[in-house]
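Inspection log for the structure reproduced underneath, given as structure tokens.
We just call them A, B, C and D in the order they show up, numbering each chain from 1.
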Amino acid sequence: MSKKVTKIGVLTSGGDSPGMNAAIRAVVRTGLYHNMEVFGIMRGYQGMIDDDIVPMHSRSVANIIQRGGTILKTARSKDFYTPEGRKKAYDNLKKHGIDGLVVIGGDGSFRGAQKFSNEFDIPCIGLPGTIDKDIAGSDFTIGFDTAVNTAIEAIDKIRDTADAHDRLFIIEVMGRDAGYIALHSGIATGAEHILIPETKTDIEAVVDSLEEKERRKKLVNMIVVAEGDETGGANEVLTIIKKRLPHLDTRVCILGHIQRGGSPSCLDRLIASRLGYAAVDCLIEGKHNIMIGIMNNKLHFTALDKAVKAKQKISEEWMKIVKILAS
Amino acid sequence: MSKKVTKIGVLTSGGDSPGMNAAIRAVVRTGLYHNMEVFGIMRGYQGMIDDDIVPMHSRSVANIIQRGGTILKTARSKDFYTPEGRKKAYDNLKKHGIDGLVVIGGDGSFRGAQKFSNEFDIPCIGLPGTIDKDIAGSDFTIGFDTAVNTAIEAIDKIRDTADAHDRLFIIEVMGRDAGYIALHSGIATGAEHILIPETKTDIEAVVDSLEEKERRKKLVNMIVVAEGDETGGANEVLTIIKKRLPHLDTRVCILGHIQRGGSPSCLDRLIASRLGYAAVDCLIEGKHNIMIGIMNNKLHFTALDKAVKAKQKISEEWMKIVKILAS
Amino acid sequence: MSKKVTKIGVLTSGGDSPGMNAAIRAVVRTGLYHNMEVFGIMRGYQGMIDDDIVPMHSRSVANIIQRGGTILKTARSKDFYTPEGRKKAYDNLKKHGIDGLVVIGGDGSFRGAQKFSNEFDIPCIGLPGTIDKDIAGSDFTIGFDTAVNTAIEAIDKIRDTADAHDRLFIIEVMGRDAGYIALHSGIATGAEHILIPETKTDIEAVVDSLEEKERRKKLVNMIVVAEGDETGGANEVLTIIKKRLPHLDTRVCILGHIQRGGSPSCLDRLIASRLGYAAVDCLIEGKHNIMIGIMNNKLHFTALDKAVKAKQKISEEWMKIVKILAS
Amino acid sequence: MSKKVTKIGVLTSGGDSPGMNAAIRAVVRTGLYHNMEVFGIMRGYQGMIDDDIVPMHSRSVANIIQRGGTILKTARSKDFYTPEGRKKAYDNLKKHGIDGLVVIGGDGSFRGAQKFSNEFDIPCIGLPGTIDKDIAGSDFTIGFDTAVNTAIEAIDKIRDTADAHDRLFIIEVMGRDAGYIALHSGIATGAEHILIPETKTDIEAVVDSLEEKERRKKLVNMIVVAEGDETGGANEVLTIIKKRLPHLDTRVCILGHIQRGGSPSCLDRLIASRLGYAAVDCLIEGKHNIMIGIMNNKLHFTALDKAVKAKQKISEEWMKIVKILAS
């Protein structure tokens, strides 16, 4: 039978994503509501090792639900890969009496949590916080909706200038392994081609289509490419296009890190609040070493070692819609 | 067996909502892709009666996916309530050879479509376009996500000044019959009380809680109230609070029509694109008099006479989360 | 000869405005750069009376340049109107050794500073922080540019729905004594009539013009009215219009407090930074009891008792431009 | 004595900038108000040569004041550099009876106008439309304020993630010859170093300062660099920093073309409206071959051949403020 959890730690790990603060707030306030003590662990697992651990109060999380970034900061910790690092982390948790952990991050962070909880008796609950929406076991990840809205706002701006100049823009969005940001932002901005890692990119067919459009003076084109597409990204696509269509006025725009920041969208704040609340509930119920996701609008629990990066199948239907609607 | 549909009309009806243009674009381009002729009907059913009907081309819907409002305009038509009005509308459709209709709007618009298709042999497909998310048969409605994000951006701004002055703000959002905008925007902004038509509002308990917080100097409060809450709205809530807590610095802010406009969010553009595409597919497949919604991320078909305003049960869980997280 | 100022206090007073935090940051960091001690005084003059005074460090103002509201909070203090209140405030300043004061606020705040510095030997520097841009001696006030951009974003959204429905909207913006927000936001959104306190409003002529436009089916109208216009505001204008044009679909939207909040615009952050920096310079140079403004892009000094609310003459030219461009 | 101008053409040329549509609207409506015929010339000077010239009505410019880009499109025309091209352009203008021209663009566009009006008897009025604010004879250019606000919104987002990770970001903004976007956006976001073409960049001193800050654990740094800075831009700065500080977590973000698009700010809409109105006035008064700017809030006229790219002196004071406020 699991012991009652009374002191919990919360940390953010890996790449930051908008809504992490809303999740922290939910964990802290729900913990306090259940008369737990709650500790914020700074800079992910590194803060556990460095004993950079601070008590959290209701006021600590006031006025943060709308803020991007993470007040607990985040980092990738090399030390945590070593048994010595994890032992030190455990000792620090014990020192504070922390007997439950909430980890907000991506699949790398969950692997760390899994390893840690295999070695030590601290139940860990993972919450999917990544802009890439690439975690098995959840329809949503905290930050994806904001990132994709940031992307479309930027692409809408680029379209203004693309349209004014009758230019082709190749726009690279984030997504090393997953094409969701590219797919959603591409459809939502009426991009004519969307290049993602999940599908084989026939770059010659793309250039054929551009050539054909150039002939019938169908101008203003936008191509959205995920950074992880097998072509290599926007600059590589530009090189290929330039070779065959040297006269086409073509520009590259790499949206970059603006996609990670900014005030979270309504959806991301709701998801984060719901998951943060559920995380504490799970610790109370004695659950351990699971990631909490949302599937079909219900909470969904996945063992941490199954909460891996998922290269989901992108529906054929969507790729057909892209083609028809951009015509 | 249903005849093959070859000329379709598309209209927007009732209150406008962000994403309607994205839906129009999808209907037009999907229709053209299937070699149909597509007509835009201006100002909802009134345009059918007035023969304000224009042919749509691929260019007609270029550069509108990101625009708020509706290029087809919208109106409420009294004439369409009369048999004579509907007959005239039918004659105009026939004149153009239109043999299928896509209606983007709310439950009132669907009732009109239902009545019309009962009398005449024009198959009608309804798409849920309303900021209120109050239609049975769909987890989403075109415009809701944008409206709720507009609301939270406005409330975030109000919080700045609420916080600077230690003031209580009573913020009224749209939602005559449904409290979804209030619920989502209230949770997402950390409002301390959320008053919605779906639950009984114990206004005295709200004032008790404010009084108690005033005593322990827990300042900065925000109350979000749906216009359709049984208290009557923000001004009525103010009157009640002023009576019992006259010294509290309390202000009202009614967000109003800004919630209807603005560039649609990514989610609304995707939903609108998917539904617009599906509408034409349904007409091709011989479906008629249904509303297409999305449930559990799948297309969901509801007979038009069942696609009514739904006062859905707001989960108890959410109301509990509101209370805990705002504490 | 003035003594050297070594410890300064900074406070925000009156209505909050976006950019106040940027000004606080500039005062604090410039003070520290000159080896002064800097204190933050909470809730305006009331914090002086209540001894709610905290030492400020470089970190205290990190990451606030982009935040709306004011980290020092603001309030209107009745106690400060009394000699006893001001004496108490002075005693508290002396206790901390504060020998110079920077007051960020509007004309009411400057009157308080003037009175205080007449009675006690604390030099006061005023910085114009108000969204209304109604202070003599400065072309800009901290917060105006943000407020007017917030207003136009809201009005752009309203225009979407006005256009979709062919509706008339009467939009009330802030400005009790000054019509600048109305004038600038009205021109920038193409409003057809702009009603401001600085000019006599011929409301009958406005209704005549609406009637004439209704006749020639020139629809979609927006009227922007300053809350301080002599008609009394949007609701009063509606009543008058409804009497003569009962069939016109007319709605009111009162933008309200959203105009006070939000992340400051680039211009407001620059002005605030420049003025905050200059305030400390002025204290060092022995200047006292002046407001620092910017005129013709140069710093401009006005005696605090002259830094009053200025009902500036609105150029005839602008009113003519409004009429021509909205036609 | 100059002949009365009765038919005018308006075009946008060079890089597009937000607010160009507001200027077009003002030219068209002011022209119509004075009973002129107004023609829109597509794609800058190229449209004059290709006779891509369309009559403009009041409705042609409805609902565009808030749109980015330019409805007249823009292009750089090689043909216009040749006498034959200009002759053809002139013949086309004559064919339509156009006897006055308004050119909205940058210094390159003005050189073209100057050359053209030297050869032919068409008075030309230039309006400064460029995001770079680098034209002699005007304190403002149409588009600069929007571009710089777009930049700070993007940089604010980057700061969220910079802060979460304690990372150094090198952010490149537009400005090939002028550092204004970098200067203003850098100050407004609290960047620690701002590298611009107007001042000599001591990159070694920048790295020294980073090294020193790294030693005292003063993390989170942002460097804003104008693309035209003599270091060569963000990637070049990165290379230099990496050489000396290989362990520093440093990233590059190139904002790119998002800075050109988007809905214009209030200030840009006002400037554009005022200048567009004035342009027609000037043609009526018989002025020719001047650029209209705004200096010290008054209209300012500069001979087109003097309206050149101005490398203005950046005030020493500002560079000092940057250093103090970011400390």
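Couple of notes before you dig in:
Criterion: contacts are C-beta pairs under 8 Å (C-beta built on N, C-alpha and C of every residue); 3 or more make two chains touch, one makes a residue touch a chain.
Note that the structure is predicted; figures quoted are calculated from it, not measured.
Counting only chains that touch, the fewest steps needed to get from subunit A to subunit C is 2.
The chain with its CA mean position farthest from that of subunit A is C. Centre-to-centre spacing of subunit B and subunit D amounts to 39 Å, using the average Cα coordinate of each chain.
Subunit A and subunit B have Cα centroids separated by 29 Å.
Centre-to-centre separation of subunit B and subunit C, using mean CA positions: 35 Å. Looking at subunit B, one finds that residues 156, 159, 163 touch two or more other chains. With chains as nodes and touching pairs as edges, the resulting graph is a single ring in which every chain has exactly two contacts.
Going by the touch rule set out above, the chain pairs that meet are A-B, A-D, B-C, C-D.
Against subunit D, the residues of subunit C that register as touching in their complex are 22, 25-26, 29-30, 32-33, 58, 63, 65-66, 139, 145, 148-149, 151-153, 156, 159, 163, 184-185, 187-190, 263, 265-267, 269-270, 273-274, 277, 296-297, 321, 324-325, 327. Chain contact summary for the complex, subunit C toward subunit B: residues 12, 15-16, 18, 20, 43, 67-70, 73-75, 150, 154, 156-161, 163-166, 169, 251-258, 260-262.
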